[in-house]
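Naming follows writing order (A, B, C, D, E and F), and every chain is counted from residue 1.
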Amino acid sequence: MDIELVKFMFILTVMSLYLNFAITLYGVVAKVNLVKKLIALTILQDTVNVFTVLIGYRLWRPGLILQPPALTDMNPTPEIIKDFVERSVDPLPQAFVLTAIVIGLAVTLFLTTIVLHVNYHFKTVNVDEIGGMKRRYIHEEAV
Amino acid sequence: MLRDIIFVTLLIIIALALSYLTYLGGLGDLPPQDIRLIARSYLNLTYNQGVNWLWAASPEAVTAIVWDYRGLDTLFETVVFYGAILAALTVFRGVSKLPDRIVSVGLSVVVKRTMAIVTLAILTVAASTALHGHLTPGGGFQGGAIASVAPLLLIVVFGKQLFVEKKVSYNKLLTLRNASLGLLSLSTVALLIYGLATNEIGYIFQNQAKALSTLSYPSHMLDVPLGGTLFFLNVFEFLAVTSGFTLVFTLLLSSEEVILKEFEGEEYGY
Amino acid sequence: MMDYVDLVFLMMGITAVISVSFTFLAVKTKDLMHAVIFSSVQSIAYALVYFLLMAPDIVLVYVAVSVGIYPLILILVVKRVGRFEVTA
Amino acid sequence: MNDLSVGLTTVLPTVVAFLLPLLTLRFKSRALYASITTATTLAVWLLTLVNFMKVFKGEVLTYAFGGWPPPLGIVYVVDMLNGVLGFLAATLFLLASVYTFWYFGRIESGHEWLSTLTLVLLSGVLGCLYTGDLFNFFVMLEVLSISSYALVAFFRRRKWAIEASMAYSFIGALATMLFFFGVIFIYASFGTVNMADLITKAHAIPELGSNPLERWSGTCPGSWCYGNVFISSALAIAFMLWALNFEAGIFPNNYWMPSAYAESPTPASALFAGIVDKVGTYGVLRLFITVFTAYGSTLMFSVGGFPFRDFVLIVLSTLGLVTGYLGALLMFPQRNVKRLLTYSTISHIGIIFTAFSAFLSHVSPEASAEALAGVMLHMVTHAFGEFLLFVGLGTLSVVVGSTNLARMSGLRGRYPLLIASIILGFLSLLGVIPLAGFFSKYVIFTALINAGLPVHGISIVLISGISALGYFKVIYTLMVSEGSGVTPRETRLYIPTGITVLLAALLIILGVLLTQSSFINPLMEHSRELMSVNGLLKYVDAVNNLSTLLGGA
Amino acid sequence: MASLLEWTLVLVGQALITVGVFCDLVASISMLRFPNFYTRLHAATVGSIGGAFVPIVGVALVAAGSEFLGVYRWFLSGASLVIAFVELLLAGAGSHALARATHRSRAAPVQPVIVDQLEEDRGKGEV
Amino acid sequence: MKRLFKSLIPTLLSFLIYVIYTGSLRVYDIVTGLVVAAVVGALTSSLIIEDWRKSLDVRRLAHLLKFAVRYFLIDEVRAHMLVIKLGLSPKLGLRPAIVKMPIKTRNDYGITLVSLSITNTPGTVVVDLNKEKGNIYVHWIYATTTVPEESYREVSEVFDEYALRIFE
């Protein structure tokens, strides 16, 4: 194992994830088109999820036999389980991510319906234009 | 141009700062060789018959965590998904009752025939993913997500009137969806109800027998481990997700004229 | 000599860099249809990262959701709201 | 030990919400939907009442789902703080579902979806309040959020309702996602997401150590903590607080509130103002008085000789002050009653956040406990008052067919009881002496003065003074102005009047009770305990015992 | 100890995967060199049949010959075969659907082309 | 009864896919496979099967297998060679053309089989087709001829004959 390469690549991965995070955060906050915001939001969710799984990753110990990180026996002995624990990655972040992906999907479905409705009502999906209309409406209401 | 450069610089600075903080805050420059102790506990317990008051009877640790150890999270994750579909039904209410006028011919005969066979393959593979969720990677939601690609492709390839011809109605889908959700929630509280009826200890989301409770779902069926509730929950989740997705797609793909007609006029009520 | 771990990390790093470039393109482009396509390419890169991180459960759901369902509904939305992003 | 009354509170409404749409395919009866919702909320109300009684006696209730010992499974923990709020939530939901018996006749369509979404919202709110697990908190926050988005967009033919839902949901999705990111930092560093486990790991107090929990998740500080726990606590808090402040509606995250509350259906906006915005406040409270306390938690690391936790709290209370002034100032120009009430909610949440400055580490424990009691009291009185006003003025809006304040004048002869109780509600929010609102504000005021923060204390009085302008504008219109010539559509308003009168009576009774030392002393005792190491010990021990019991041999 | 059959399976599978890699390389080179959309579709076919179908079958063979996979051995092998089957169907249908839609909407130039009998027949109204 | 026969082939196909995908023959897999196959077969039978009598003919299946072997071993390899040579040759000698080819089979599945076979061999892509007249329009990357009948013999005759034997 070339430790320098692995370190470099790992840090590169983490920094890439944060760059994605920053770019998409900008996309969600600063872009005026709702569809663009939606796309950026989905990528942001995915980035957070990848980061979560990365948290649970483990470095393979040198000398470990190449085996799938799962129980390959339906009637395991304590030794097999011990071996399995030694080579498997952290399952809890994966369970979190599974939940988070479904939640993100649900929210995205809702946002899609809302974007469609905004388009039906305002004939535009530009938040600046909608904000202008809203200011005028509130002004009329208040006077 | 200058604005862009400032902006990109800012983003890179944010990313670098966060990376540095994360690096200091625990991730380090390499993933650790050991996992957290709680993960070791999960991996140790999930299919360990030696500790059978704390096992989940499933060799798949992720599915065991998703549906058993942290089953409540997953139930409410299903509720979030249900809420999204409820929201779609709420804002599209009225649309499903109107006749839909789009008639599209779909794609060419080659694509139609191929897609019919591929649909069969997709549905079979999805069902297998769901039914083996407690044995191999996969599970109810994964199966549902795979299966729901099939109706979407069918709508694209055959046109939306296919569902009308095959009598796949809004009410049928809603019934299937809510019935499977009801069964899902019922199977999570079944042992509690049984325990209350027979005056024994039972818990919400109980799967295998626990230290204080002897009630248990079967841990094996035929010749494979069953994972108790995991099997039932995966099956019901599969049905619920598939029908829910199909419901939302049919709503989202309603033609624009129909929707706009439904939105005419002001709504009364405050 | 490169062994398994090196290969995993090498692929992970390269994929992550690719994903950054596609994210940038997806946020930058004015054509929403292109943005959808770039974002799904980006999703494929993430699916590969999930696979390298030994998360097969997530790959199964992620591929179906992010490469199958998201682009389809987003293309539907783009078809309805117009293809180009207009900055007034 | 394992109290079923805690566990069923969220599962019961969920099951009913799953089954209700099946009934709607067969039976098209509005009264049936309202009855089912009411029956469910009544059952939940009884459960939370049981919890509240037990908690008031000093117990800490727990429920482990699936019978798993705590750090492995999810556990609900109810102490005084969330016991009170859970009971309050169930009460308001019960009243809201009784209100729908009247309200369902006044909307065109979507009755079944309104009922179902209300039930989903109920399970979301109670789950957020009762859970003892940070990741579960995130999931429940999403349940709460998605049903709120849908309820805001309920009148889908009104374009401003859709716009309000859009503004709420886009940033709401971002905020909850960042909450998840924060939880991940906690897990990465401490190796647990269970709150009790986290308390033992985040504190360097030896007696908080817990063997049963650490059996599964390890000891910390020690071999099972990763990296620098101080920095990751700070990062986690930074991400989580944004989501919570967004839900609570603290400046600068309050821009979505007026439109969202004004455009949603009346029962929903009453619930939003009454309890949903308290969930964010509760989250912040839980994080700062239970998880990361002043007793040597990891968040107390010093930045230039100043504890980081105090720095965060000062920022929060300053934002609270700004919010309070902003809400009070913007209230007066509003003509839309629902918008006016929303700004009142914003200013009251600001007052509550201002009181957080009394939790600084150098403030005496006595003053902190007093502030906590004040915050809890104010949450209750504000929830009752705001719910009353939303129901009352929302009913009047339905009756006159507009939310414009000018059109509500001249109704005092027609609905005397309703108008009288609305005015009592306003006076309580303002803080007039015999009513409950005065005492909650007074307790916060004295706590802040005792804590040596006179600016914050006096600001509360000033905020009340400024908001009085807005309140008296409404009272003047209702009481003094001549009729606008609008003929109301209905004559009898039994159910809305009943609810508002009941709440007004509650406000008066609570006000009278608060003058009695036999009522105020136990409350102070409870909040003193919540703020002390003893309270932490009690919280951790309850979970510990559960873990020992269920962990087996 | 792996038997001869298993060794053969693994070796043949790896040979197929190598063929797949080669096909993918050629496909991407052709993708760059070919002049227009329709000709590039042929390069894509090389990528999807030679570069995807063949190596997936190879993966199936390798998995079938790897004993250490335990219960996952036949699962991975069979799943690969099913995926190869679906890939075979979808690659053709996808290429055809793309070509058809592109030609109908005239989204891409057909030139350079020797003869376009489809355009001629469409002019006559036969298609 | 008719529906049962109609869904027999889809059910068998689904069961086959299920068992291959699962990769094991435990009792659990057989039982769940049968249930799934029955449901999926019933759901998709009306999309897949037109004439159930034809679908139960074993000889047609034998022809299909024979065709599959020939297709993968001969046609695919030859076509790949051609396109790889074209793509790598220093001078890009392409002769692209869209050529009309009249085919004999009229059956939907026959047309599908011919079209998929043609499209899946590199070098030829079916662009459009006319079902009634039996014409397919093939984009051919190295067209040796542009006369419909000759190009039919060159490209699609083999597939067409097998399609006739399998599906007509």
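Descriptive notes on the structure:
Quick note on the criterion: a contact is a pair of C-beta atoms (placed from the backbone, for glycine too) under 8 Å apart; a residue touches a chain by one contact, two chains touch by 3 or more.
Quick caveat, the model's predicted, so the values are computed rather than measured.
Both chain A and chain B are touched by C, D, E. Set side by side, A-E and A-D show the greater C-beta contact count at A-D. Comparing mean CA positions across the assembly, the chain most remote from chain C is D. Using the average of C-alpha coordinates as each chain's centre, F ends up farthest from chain B. Chain E and chain F have CA centres that are 15 Å apart.
Chain centres here are Cα averages; for chain B and chain E they lie 31 Å apart.
Between the CA-based centres of chain A and chain C the separation comes to 11 Å, rounded to the whole angstrom. Computed centre separation for the pair chain B/chain F is 35 angstrom, with centres defined by C-alpha atoms.
Looking at chain F, residues 17, 21-22, 115-116, 126, 128 sit in touch with two or more other chains. Within chain D, contacts with two or more other chains are made by residues 135, 139, 142, 146, 149-150, 153, 156, 162, 187-188. The set of chain B residues touching two or more other chains comprises 22, 27, 32, 36, 38, 42, 60, 62, 70, 73, 77, 80, 83-84, 87, 91-92, 108, 110, 114, 117, 121, 125, 137, 141, 224, 252, 256, 263.
All chain pairs that count as touching, in label order, are A-B, A-C, A-D, A-E, B-C, B-D, B-E, B-F, E-F.
Residues of chain C that touch chain A in their complex: 2-6, 9-10, 12-13, 16-17, 19-20, 23-24, 26-27, 32, 35-36, 39, 42-43, 46, 49-50, 53-55, 57-58, 61-62, 65-66, 69-70, 73-74, 77-78, 80-82, 85-88. Chain A meets chain C in the complex at residues 1-2, 5-6, 8-10, 12-13, 16-17, 19-20, 23-24, 26-27, 31-36, 38-40, 42-43, 46-47, 49-50, 53-54, 56-57, 59-60, 66, 69, 89, 94, 97-98, 101-102, 105, 108-109, 112, 115-116, 119, 125-126, 128-129.
Those residues of chain A lying in contact with chain E across their complex are 65-68, 70, 72-74. Across the interface of their complex, chain F is touched by residues 108-110, 113-114, 116-117, 119-121, 123-125, 127-128, 131-132, 166, 221-224 of chain B. Remark: chain E residues 23, 26-27, 29-30, 33-36, 38-39, 41-43, 45-46, 49-50, 71, 73-79, 81-82, 85, 88-89, 91-93, 95-96, 99-100, 103-104, 110, 112-119, 121, 126-127 touch chain F in the complex.
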